[in-house]
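Order as written gives the chain letters A, B, C, D and E; numbering starts at 1 within each chain.
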Amino acid sequence: MASGIRLSKLRKTFGSTEVIKGVDLTIEPGEFVVLVGPSGCGKSTLLNLIAGLETVTSGEVRIGEALVNDTPPRDRDIAMVFQSYALYPTKTVHENITFGMQTRRIPHEAQQAALKEFSKLLQIDHLLARKPGQLSGGQRQRVAMGRALVRKPEVFLFDEPLSNLDAKLRISMRTEIKKLHQRLGKTVVYVTHDQIEAMTLASRIAVMDNGHIRQFGPPGEIYEHPVDLFVAGFMGSPPMNMLPGRLRRRDGSLVFEPHGAEAELHFPLPSEISDRLDAREGAELVLGMRPEAIFAAGTELPGPNRFVFEKTVEVVEPTGPDTMIVFSIGETELIARVRPEDAREAGTRFRFEVDLSKAKIFDAKSGQSL
Amino acid sequence: MRQRSIGGIVRPKGWHNVLMRGSLFLVLGLFCLYYLFPLIVMASTSLKSLAEIREGTLLSLPRAITFEAWGKAWDSACVGVRCDGLKPFMWNSVAMAVPAVLLSTTLGAINGYALTKWRFPGADWIFAMILFGAFIPFQVILLPMARTLGQLGLAGTVTGLILVHTVYGLAFTTLFFRNFFVGVSDGILQAAKVDGAGFFRIFFQIVLPMSIPAIVVTVIWQFTQIWNDFLFGVAFTIGDSNPVTVALNNVVNTSTGVKEYNVDMAAAIIAALPTMLVYVVAGAWFVRGLSAGAVKG
Amino acid sequence: MADTPSLRLRTERWLERRLPQIVVLPLFALSLFFVYGFIVWTAYISMTPSRIMPVYDFIGFSQYDRLWATPRWYVAIKNLFIFSSLFIAISMVIGILLAILLDQRVRAEGLIRTIYLYPMALSFIVTGTVWKWILNPGLGIERYMREMGFENFTFDWLVNSDYAIYTLVIAAVWQSSGYAMALFLAGLRSVDDEILKAAAVDGASPWKTYTSIVLPILRPVFLSTVIILAHLAIKSFDLVVALTGGGPGYATDMPATFMYAFAFQRSELGVAAASATMMLMTIIAIIVPYLYSELRKTGR
Amino acid sequence: DGTAEVLHWWTSGGEAKAVGTLKEAFEAQGGTWIDSPIAGGGGDAAMTALRARVVAGNPPTAVQLKGPGIQEWAEQGALNDVQAVASAENWDSVLPPALASIMKYDGNYVAAPVNIHRVDWIWANPEALAKAGVEAMPTTWEEFNAAADKLMAAGITPLAHGGQPWQDATLFEDVVLGVGGADFYRKALVELDQDALKSDMMVASFDQLRKLRGYVDPNFPGRDWNLATAMVMRGEAAFQIMGDWAKGEFLAAGKVPGTDFLCAPTPGNGYVLNSDSFTFFKVSGDDNLKGQQVLASLIMSPEFQKTFNLAKGSIPARTDVPLDEFDTCAQRSHADLLAAIESNALVPSMAHEMAIPRSVRGEFLDLVTEFFNSDMGSQDAAQKLADAVARAM
Amino acid sequence: MASGIRLSKLRKTFGSTEVIKGVDLTIEPGEFVVLVGPSGCGKSTLLNLIAGLETVTSGEVRIGEALVNDTPPRDRDIAMVFQSYALYPTKTVHENITFGMQTRRIPHEAQQAALKEFSKLLQIDHLLARKPGQLSGGQRQRVAMGRALVRKPEVFLFDEPLSNLDAKLRISMRTEIKKLHQRLGKTVVYVTHDQIEAMTLASRIAVMDNGHIRQFGPPGEIYEHPVDLFVAGFMGSPPMNMLPGRLRRRDGSLVFEPHGAEAELHFPLPSEISDRLDAREGAELVLGMRPEAIFAAGTELPGPNRFVFEKTVEVVEPTGPDTMIVFSIGETELIARVRPEDAREAGTRFRFEVDLSKAKIFDAKSGQSL
């Protein structure tokens, strides 16, 4: 029932600014693709191109098998949540939500049922008679959601649909979206800046940067095997620690010597990594360690490939469940994630333990994962 | 300013679209004919000689084109005892219309702005009362107005005429701007207030640049009304300071003299040229997307 | 201490808070004097025996008796209703239609728009003559069509007492519908693109987009247009004088021409003032409820 | 020297040239001429402006104003008299008495006439008449009707007419003169005698008007008089009943009176008088007063009356100006005028605001035009007319 | 230099809807207060009242010592980031940012310097010549930020200023805001739905609900000692697990028996808690356990007050650094946070360990923390 989406060699320019610079992307029918990328990289533009809200400069957009470059939005059978909501200011919440069903001549009872279901789910059922101007930001966003959800189109496009909701609501919305997707099996393209949303919702994540797609794969792969420094640095919050240094051989085995702390610290590399890097002794590398892989020494049960070192705590940031500790190696600031009860004041020495089996190695020049 | 198309939304292509575009242009074209037909008659009459008009059918195209009537209308038709056409009166109208349009538009804009964006108790009442001025018949205000101008020492002066047009234009300009500003987001004004801008700065720097469409329709309206006004012009100016409509009227109307239709038509078109110029110039500012990107929601 | 800022600051604050009122009030005062003052003057004159010049002896309502004894006045009132409703409705429809059509990325938009607008620029003293030719059966369309072989083509509204009023509508619509188009076009141009996009995604046809999304947003523009057209209808004077001269007979007389005729041609200022007062009262009765409902809806 | 601001509505063509001669003459005397031309509606616009000017307190020096309107303004105390000039130049002896009385208020001249237009003319196309076998211009309405019937039979529109109230009224007053004679005309249309208005004579007049209505083509409503003239010129129609300004159209088209077109008075042996005059308003300041005097004297000077009327197509208001340079129609007009004065058959025009106040004239116009454009009965019309007049008084 | 803010008995109604229902709040000079609360609870309205953009219905707003109820916004010396951005559409980014400085007659050079500094910081320096309509959502939000930051007012009001930025940018912005606050020492009121932003930026957090302030205190206190179920449930993402049950005495000590699993599970209460609850045996209670306090048994070093139990895994949600495991006790769904490598598939039995010293107890009826 659902249709896939295929973009090929897609380009879009506004005046002289090229915004989408040749995107190839194949989304399977029924897939849930999350699009992430830095602000301004072209995510919304890409959604607009899929929806037919902007004309393609060159390349192809296909929905299902059909080439839709010249198909107007209303014939594409999509529903969309706009980043800017774009509610109809003169219509009530009720009318905003049912408008799309009206235009598609869905029977009145079905409309009412859908309205009832989703306004309840979105917790806006007490606001149905209001105009958008009388709503709070988050309420408006939920109306925008409602407008998209009540329909059962081939493709859903969501542009940061939960960004203005509180954490609790966001989690429940996220769950509902997931359920809905499972129930309906429609193709979804979803833009978000929320790490957890991306990881939990996506069947595949597309990481965009500056009009290109850098990596496209399942969440675990994106998180665990980023293809390059950009993806590695982009996914994860706080992001992966990137420690530049050099590969050296010491006492027969390969170690990583961070710049600026060559004398002091040598990270022994786990065998899986060092096997791959055998030939590259002396190469400029970047060692990537996620904050959660660096913790207070001795708090976890011992395991293989652990490495313990001592550094001075520079900044302590309690975030509630965890506390972030900022410290430096050479010129590089790193963040470790520790349990709140393990945190120490800034200025004190602290013993860190790093799980090097979770570390990544990148080529410093090309940025490619090795 | 560049004309932005609607949103960039993809339009269908193919025969269906060709059909749609075709009928679109057909309708637009038919209306063009409706609007143009009288003008064509006027223009063709103005290019005929008087002899041809007398014998031919009035609606036929000219057999021999002559621009004599145009020349005559411009600088040798008699307007009372002087016979130098409309030329000397054009400037009178400009000198009256331009200040009156600017003044009434500005005041109307400020009025509309204060009444919608700085609402105070009774604002709607005041608006309604000002608006009602649009319906007052000019015939009934002529004499009291003459009296007032006489008392103010403005009788027979251009200043007086500007005052009259400004006062009675206010209802319309306020209406246009008020109704435009109702749709301008309050959020932007709030941001400007927080940015430390006061009443006038917000007006001139924030609101006015957003209201170009309103300015355009207001200027078009006011200019047309003031330029084409005859009654006030005739009642409140004297002789050589008459606006061009009075002169046009004098060229065209004759009670017992010979009717020179070709000159009449040419004169009417000439008198309308400045207004058309305003339409063309102001029309270029019918732009889209002035409020794009302002607020989310 | 901090609760009571200096006097200067307080006056400044006060001034600033009152600025909107301070700005509006002089203009409001102008309109009080020049509109309402003059209306009161007119109402008073309608109760005096004024003829060629105003006099101020009070004589009660006898001018109204004379007014209502004049058959022409009834014709004028009836014509006003027929003419205004047709004129406003047709101009509005044409205005909206053309604005929407012009909004479809039409290449020659500037030219077409000017063509639609230009009739308003022309003085009716002259275009009235042209319309008279065009509509006159012996000179214009009817003769043309007959010469082209349509022997039975008849279009003689202009010379028919029962239909002449409709020729006024034709010419008036010709003159003013372009401006209605401009008003709507300006309105259309200030609607946010994003909303149109949302409607496109919601599957609305262009027709539906305009009727149920865009036009409701343009509600204030409707108010402007109705007022402008009503004003034109009520004051249409040049048009009547130039096209039909009120004829055949006085079949196309309108309150504006009636008033003018009595005030200035016949030197019956009193009757003219009475008719003006009646007309203003009629307008109040129609416009005030409309304004009331509009302002409540668009005010906030 | 002296300054004169002159408000008039002679703005184009021959009319403007005619005023131009006045201006030149005035300036030749060293005066300053301020021209305030306001055309439109046969002087309605000018009257409107005049009222505004008077109310505002700065009236023009002299205004093209005629008929009972002069008395109305005089009653408002808005006029200056020029009796000094009139006495010195003995105007009384050179003006037709009927005209002189209109120019005076309280026995003093407050206005000076510039011309006399004859209203009761029939203009005809000789070719069209010949085609239908009409040999002579009709001298009674019966003859007119007979000729018209012949023309109808020949497929020629008998009467070219423009359906505007003042044109309808012009027909009407000419018919009243022809049917009822000068005395009846005066009783009904000047003195507004109720009995006369309701009399059988009036009914008969309406009957004749109804007849004329039948001789008019269906497309007459709203037609300008000059287009009606053009119909005669082209031979589409045979007759037009119109004042002598119609002659200007014939002449401008290069037609020669007597051969290309004919002129004859309407039946009745009367003379319907229309005259333009300048009325002097209450101005102050020596300069303006001086201008007023000079202007009055100039207007009445025989040379001016001659040059002016040559340009305008009418005849001088002074009866003592020789008309050698004028065309035959003008000469006929002059001769008839003198005869009419003699036989007391000179009547002022109702349609052209020479006879009755504008308010009453308005009622006449309304009624006549309604009669002309409907199937109202003559009896009915007479009764309604009487009522309307009573109301307006 | 900075001024405090004092709200007393503040109320605001729109028509018949009461939105702010009597708020008392005292913010010290130079404090950084974060306002959190569910969507639609009145946060933006509260900011508007402080800024003077809405008229107070009743109560008082004081900035510094001055009562400002009737002071127009421009005399309050505040800068604000609007939730809806509210950019000036006809001005360029440059003009948008400098407008506030212009109106305050700041010298041209100072304007340029500030513009340069902040446009760089916000990474919008290449967009200065554009109009807002030509920007992406996140770029617009940064312009809105820039407009507020370039000025040095008494009070900063931020309404979800980073909601549309990507995680990486958001972290760096957050850091910059913190630095700026430290450098300038101005009073800040900051609305956010981001848990970490709230925890790391705030000197105190105010938790709002439905027009009331529920709790106002330092982040740690809010997180560790929520006064009631609402605050406890609102802070934390995923939120605290709330397990209803009854207090019972078993074998002499107080235990917590969850409803629907009385027979099976008895959580022994740590002595600090049970001491307080001694008299309330049999009472209806709610046991609050944060997801991070429930983890895979045996992964942490043993400690006091640990309790191990076995349950079936219902849902597994990998979020990247951690994996969430959903399971049920009685009717209640609970979430545990485990390391990705400890996660098991749905349907398998799983041994959970809970650190009961981090558990909270609430009265089931009143919701108050005990």
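Convention: contacts are C-beta pairs under 8 Å (C-beta built on N, C-alpha and C of every residue); 3 or more make two chains touch, one makes a residue touch a chain.
All values reported here derive from a predicted model rather than from experimental measurement.
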Touching subunit A and also subunit B, the following chains: C, E
Other chains in touch with both subunit A and subunit E: B, C
Chain centre separation in whole Å, for subunit C relative to subunit A (CA means): 58
Centre-to-centre distance between subunit E and subunit D (centres being mean Cα positions), rounded to whole Å: 94
Centroid distance [mean C-alpha coordinates] between subunit E and subunit C, Å: 57
Numbers and ranges of subunit E residues touching at least 2 other chains: 72, 83-84, 134-135, 137
Residues of subunit C whose C-beta touches two or more other chains: 16, 54, 125, 129, 139, 192, 194, 197, 200, 217, 260, 263-264
Residue numbers of subunit D (touch at least two other chains): 40-41, 48, 51, 55, 224
Pairs of chains found to touch, sorted by chain label: A-B, A-C, A-E, B-C, B-D, B-E, C-D, C-E
Complex interface listing, subunit B residues touching subunit C: 3, 5-9, 11, 24-25, 27-28, 31-32, 34-39, 41-42, 45, 57-59, 107, 110-111, 114-115, 118-120, 123-124, 126-145, 148, 167-168, 170-172, 174-176, 178-180, 182-183, 198-199, 213-214, 216-217, 220-221, 224, 227-228, 230, 245, 248-249, 252-253, 261, 264-265, 267-269, 271-272, 275-276, 279-280, 283-284, 286-292
Complex interface listing, subunit A residues touching subunit E: 14, 36-40, 42-45, 83-84, 134-139, 141-142, 159-160, 163-171, 193-196, 199-200, 219-220, 223, 233-239, 290-292, 298-301, 317-322, 324, 337
Interface residues, subunit B side, partner subunit A - complex: 7-14, 296-297
Interface residues, subunit A side, partner subunit B - complex: 52-56, 69-73, 75, 83-85, 87, 132, 137, 140
Subunit C-touching residues of subunit D, taken from the complex the two chains share: 40-41, 44, 47-48, 51, 54-55, 69, 72-73, 76, 78, 163-165, 217-224, 357-359, 361-362, 366, 369-370, 372-374, 391-392
